[in-house]
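Single-structure report; data block below.
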Amino acid sequence: MRKLARLFSTVRDETVRLVQPLSDEDCCVQSMPDASPAKWHLAHTTWFFETFILERFEPDFQPFHPAFRVLFNSYYEGVGEQHPRAQRGLITRPSLAEVQAYRQNVDQRMQHLLAQSSAVDDSAVGELYALVELGLQHEQQHQELLLTDIKHLLSMNPLKPPYLASNAISDASEIGGAAAAVRWQQFDAGVIEIGHAGPGFFFDNETPRHRQFVEPFSMASRLVSNGEYLAFIEDGGYRNPLLWLSAGWDWVTQQKLTQPLYWQKAHAQFDSSWREFTLHGLQPLVLHEAVTHLSYFEAEAYARWAQARLPTEAEWECAAATLGQDYFGVAWQWTSSSYAPYPGYLALPGAVGEYNGKFMVNQYVLRGSSSATPGGHARLTYRNFFPATARWQFSGVRLARSGG
Amino acid sequence: MRKLARLFSTVRDETVRLVQPLSDEDCCVQSMPDASPAKWHLAHTTWFFETFILERFEPDFQPFHPAFRVLFNSYYEGVGEQHPRAQRGLITRPSLAEVQAYRQNVDQRMQHLLAQSSAVDDSAVGELYALVELGLQHEQQHQELLLTDIKHLLSMNPLKPPYLASNAISDASEIGGAAAAVRWQQFDAGVIEIGHAGPGFFFDNETPRHRQFVEPFSMASRLVSNGEYLAFIEDGGYRNPLLWLSAGWDWVTQQKLTQPLYWQKAHAQFDSSWREFTLHGLQPLVLHEAVTHLSYFEAEAYARWAQARLPTEAEWECAAATLGQDYFGVAWQWTSSSYAPYPGYLALPGAVGEYNGKFMVNQYVLRGSSSATPGGHARLTYRNFFPATARWQFSGVRLARSGG
Amino acid sequence: MRKLARLFSTVRDETVRLVQPLSDEDCCVQSMPDASPAKWHLAHTTWFFETFILERFEPDFQPFHPAFRVLFNSYYEGVGEQHPRAQRGLITRPSLAEVQAYRQNVDQRMQHLLAQSSAVDDSAVGELYALVELGLQHEQQHQELLLTDIKHLLSMNPLKPPYLASNAISDASEIGGAAAAVRWQQFDAGVIEIGHAGPGFFFDNETPRHRQFVEPFSMASRLVSNGEYLAFIEDGGYRNPLLWLSAGWDWVTQQKLTQPLYWQKAHAQFDSSWREFTLHGLQPLVLHEAVTHLSYFEAEAYARWAQARLPTEAEWECAAATLGQDYFGVAWQWTSSSYAPYPGYLALPGAVGEYNGKFMVNQYVLRGSSSATPGGHARLTYRNFFPATARWQFSGVRLARSGG
Amino acid sequence: MRKLARLFSTVRDETVRLVQPLSDEDCCVQSMPDASPAKWHLAHTTWFFETFILERFEPDFQPFHPAFRVLFNSYYEGVGEQHPRAQRGLITRPSLAEVQAYRQNVDQRMQHLLAQSSAVDDSAVGELYALVELGLQHEQQHQELLLTDIKHLLSMNPLKPPYLASNAISDASEIGGAAAAVRWQQFDAGVIEIGHAGPGFFFDNETPRHRQFVEPFSMASRLVSNGEYLAFIEDGGYRNPLLWLSAGWDWVTQQKLTQPLYWQKAHAQFDSSWREFTLHGLQPLVLHEAVTHLSYFEAEAYARWAQARLPTEAEWECAAATLGQDYFGVAWQWTSSSYAPYPGYLALPGAVGEYNGKFMVNQYVLRGSSSATPGGHARLTYRNFFPATARWQFSGVRLARSGG
């Protein structure tokens, strides 16, 4: 319990640390309906503890501010109304300082509750601890979203301001240079088990652990690099409809896309090299690094061009179980699996049951974790998910092939 | 070969028979971008034979009309440009009579080609026959689409004209009355095989036959009835967000949906009974018949309300393999499976390779067949697919449950 | 009265004559929400007589078909509900033949009513005749709209079918050749009167005749020619924002416009000449003819480029009153005047009062008449009106300048 | 010249004073594409002086920041590219503090330039002073826009924060009570002159002063009150299509409008009174005050309901010339006049020529001034203009009638 209280502090403080390089203005603005302001992330993660824990377990609960119940409710119909998602950036009040005060208030009350939790009856304590853990994992998910959202906002500014001071690349050799050659690791057919069965924290969508049959397949030893993706572009990848899913081609054509979200070609007359907008500002494109910020459509088209395909969730989990840490920490990896319930899936009871299950349509699963994922957050069975057009996440590609 | 020529006549004539109840005007108009005019179906199915067969196998091929190559190309990028889908209904010329002449011309040339096909070298004959069979299966798919599209067009007309003379329901007992009680048929866990391995015709998306592991499940002995679906409506099904996928709820709310596509409540002061628009015009809703024209979102919400779920493709195919004809001929049955390639899937070579594969995203598989499916067209491994919002198909629900 | 009956026949027959070159399919389809199907024009003009005259004056009035009251009501809120404008093209039933039968039925009843009108009491006879005359003028307006709408529909067809057999241009000299030099006709400042004060038919929007002060101005002796407009294009007219109204530039940019609606540049390698889609099909652009199918935005930008401006309504009417028939019969001429009520304007009483008045916002007045206007329909005080983006009317430009 | 320098300080300081009640966050956010962030107003008004004056008159001109030329260009195509209008709210950098520094820098340089202006040659001095005066008038226009835009932003916040501390209404008698009875002031027909002919500052769109003929009319002695407008609502004004222009009715129906922009009906069970969001927060609706924040469509529909009409520009200016200050300082008054050039109108030379002229389409003129207009800014001949749907301005109605 004291351990949980310490973990609580650590995770909550990390969110505050992430917004330190940002001004009040940076924290307030919403760059597109899919993204949220940093201030909203700060408030919503706090709302989660206040609504799902304090409101239930705190004696004589009084809300910090009665309007916040609606204002910072993301999508929980079981809790009630929600402020419209596309209008999150219009909330200049409460100010950032007031939201920080909201955080401190809820943190103190949470710490008090945790300290007193021996007074709560036994079964309730189990539930309390489970909800606190859920709230902290939820907070970590928003830490990554906060970074993807602020990156998107800053990228929309023609001044291209960095989130962090530039991490100057010292010599040209760092930029060029190919990535290591890909090795193809083979896996036999068979019944495997995927999904989480404990111990340790997991989201409901990772359960139940169940059996799947996988046919023989191979997995690439690393993610696709910027240099490889550049070859796809230079080969006319964005101009050839035969490489794309039909809906993907419609989207690419309508949006006039010619490259990944944050790439830009230098305008200078004598410099045709590529730049990439990063959290450190505009930087030369490092060819041997993994390509990121791809949509499912781009990942899938690249795979076809490379005479490979995206792995299924089951293949990915099977391979990652064997090969370990190489599968994590660089970029989320699109799978070909539509986000769907596992056989026998049950959502959590109550309003938190809306956390995952109701999004299981028209989204694709990403596996692994990215450079922006908080340490310790991801795991083998973790299922991230986004629509096929989402590009502002740290999303890349690991190729697979059928056959042994 | 003579058998194929006879089959060719039979299938092609059936399409012409389907448009006989329609006027030139009925055949020309497009009721929404998803639907096509009957005249376009007549022309496009002909284009398929002209472009993929005559152009390749006919000596001294001359197109019937050079502009038709673009005008009646549905979506084959490998063939070239396409007339915009949403403008199919603006093509008042060629007239219906000219399109019928186009059909006759291509039919004659096809018959001539088939009669001469012994003159073609052996491997080419095999390819020719395969393409003819593909063209006929393609034509049968459009026969069902022609019916769904004309039903939609007529439903948009406030006069509610019938496609076929009314099939008057003779007494009230036919309307009311509950459907037979549902039995739940149980299936054990295990590795099963799904997909087609021949002999006989199949689409590329049904292959390769492969193994899947299914956990224990049960299947309902029949489809959900109109009466059961009405109970869902009367229980507030369209007003309760907790029953819906999040994207489904947004859609239902935005479109203000309260019932299936072709249902309407009688306005008359003393008559609160329901009507359904059918190919025979507006008819009393027959409670014991299977509910149709549901979207995936509605099917999925209904299943949740009924404390069940949609089956996966593998479950459906496993059950249908055992239980046979009950699974066919009433309505297509939504599965929970996103339309995706089977492991090892390869599209057909050449431009016909765009037939199926490029649509494998953001669509859900329907299995079985409907009352509008041509006889002999569907089969156990057949995969139909539509987006989660599609309602104008003859689509219904068969429930499944996890556990033995 | 017998004269009115004869006029009734003449005008009504003319509408039927206009659709003779068209197939049932041509008559049914709607090419865009702003346009209506020819069949709808045939029915709506009949509805006008049935609703505003027969329903009021015919003893024992029975509607031809009860559903037509809504189906063919264009926009009269005082009459009741209207079928949605954008869905006029979905009405494949009633068929064209049924609509022709509707016309014949109403025509017979109207002739009977006119023959019996001596039996009607005196003041009512005056009203009856006024409404018949309004209905015939209304029919003539729809005759021109029928032509503009069918031209638009046929232009959307890649086969570019002609409405009328080609009117072949016999030698090249007809195509080239400049229009006659423009003369500038001067008018002094002063109080003038504009608007209609009878006798003869007029629309309510032409009244009351009233005084306006005009400052000195000059008017061009003829409309701008195709050759002159081509010079504007070749001078970069569609690429220079400084020539356009701000809203016009946004529209041109968003729609990627580069030329008038029906112009197209020949694709042939050795032929860079321009073609224009006409009622006789695709024809070489005749340089000395008046440019037509311009929007207000294009007309206004052209005028700025030509160091002139559009005339106001008052200037136009003042000049046309002096100069006569040269102002009519070629193309409608955009004025700079927003469509607004004249001082003291009163709409007609009753539901026909919606005819004109409720459209007096965000539209611009066109004066004169076009080659498609029925003979005898237009007059000096006639006010046509369309939004600033409308291009499918026979609309051109006559330039004006301030100063004597 | 010293007077101009003092005026410069006064006006510029006033803009800074207006943002003092606002936080950095308030100043950064854009509530809709039509509105701009307060920070953008601060920067753009500064850009105006830098671009049109310093760049031209300052020796060795260096821009404060090269990117600002595009970033804070509103719509001057003659200056070059513009940052997209709808993305003004994404500019979190430069910060508010940096924009204030930009203001101070430009202010110092402007004062230096003005102090040195005797050194500039004579004709240039005249031009300089004219441009400075234009810049200050421009700044005053943005002062009012800043208030309308911040009011709109705060109104979108469910907390309904006030811009200024609440100006508590002390007793109920202030809220109720009818406005004074309207008197109708009559004007005879005749040729009048409208427009500006100097001396003193004026915008180009007020010129040239010219003659117009006005028919006899009457003007109401005051603006329409909240209480009168409430009677319109309670009489079903928003539900009766016959009161509205056709485009207005479509808009009201589609937007589901039932009341002026900032009105809301109290939810409380026992309190059915109306509230209005103001710069002092949510306040009881004061019935005798002038109704504001009406669109042209609402103003026009109200006038029809009240058996009156909107005045023309000429009528308004004629009446205001006689009746004086009563016509100013409460709310802008919609006229029925489309915003159009006066006869002989010439835009200013150079890029500032885009200031007014290019907006002369699909907008309606408002006359007078509002409670938010800076003192001394408006005048008899001043022409304000907005589209017919604009509601976020301080816009009201003064009725007119035809006839003496």
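Labels A, B, C and D are assigned to the chains in the order they are written; within every chain, residues are numbered from 1.
The rule is simple: a contact is a pair of C-beta atoms (placed from the backbone, for glycine too) under 8 Å apart; a residue touches a chain by one contact, two chains touch by 3 or more.
Since the model is a prediction, treat every value here as computed from it, not as a measurement.
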Shared chain contacts [chain A and chain D, defined touch]: none
Farthest-lying chain, centroid of Cα atoms versus that of chain D: B
Separation of mean Cα positions, chain C and chain A [Å, integer]: 57
Interchain centroid distance [CA atoms averaged], chain C/chain D, Å: 37
Chain D partner contacts - residues on chain C that touch it in the complex: 75, 77-78, 189, 191, 210-215, 217, 241-242, 244-249, 296-297, 300, 309, 312, 336-338, 340-341, 343-344, 354, 358-362, 388, 402-403
Residues of chain A touching chain D in the complex: 23-29, 31, 67, 70-71, 83, 87, 89-96, 153-154, 156-159, 161
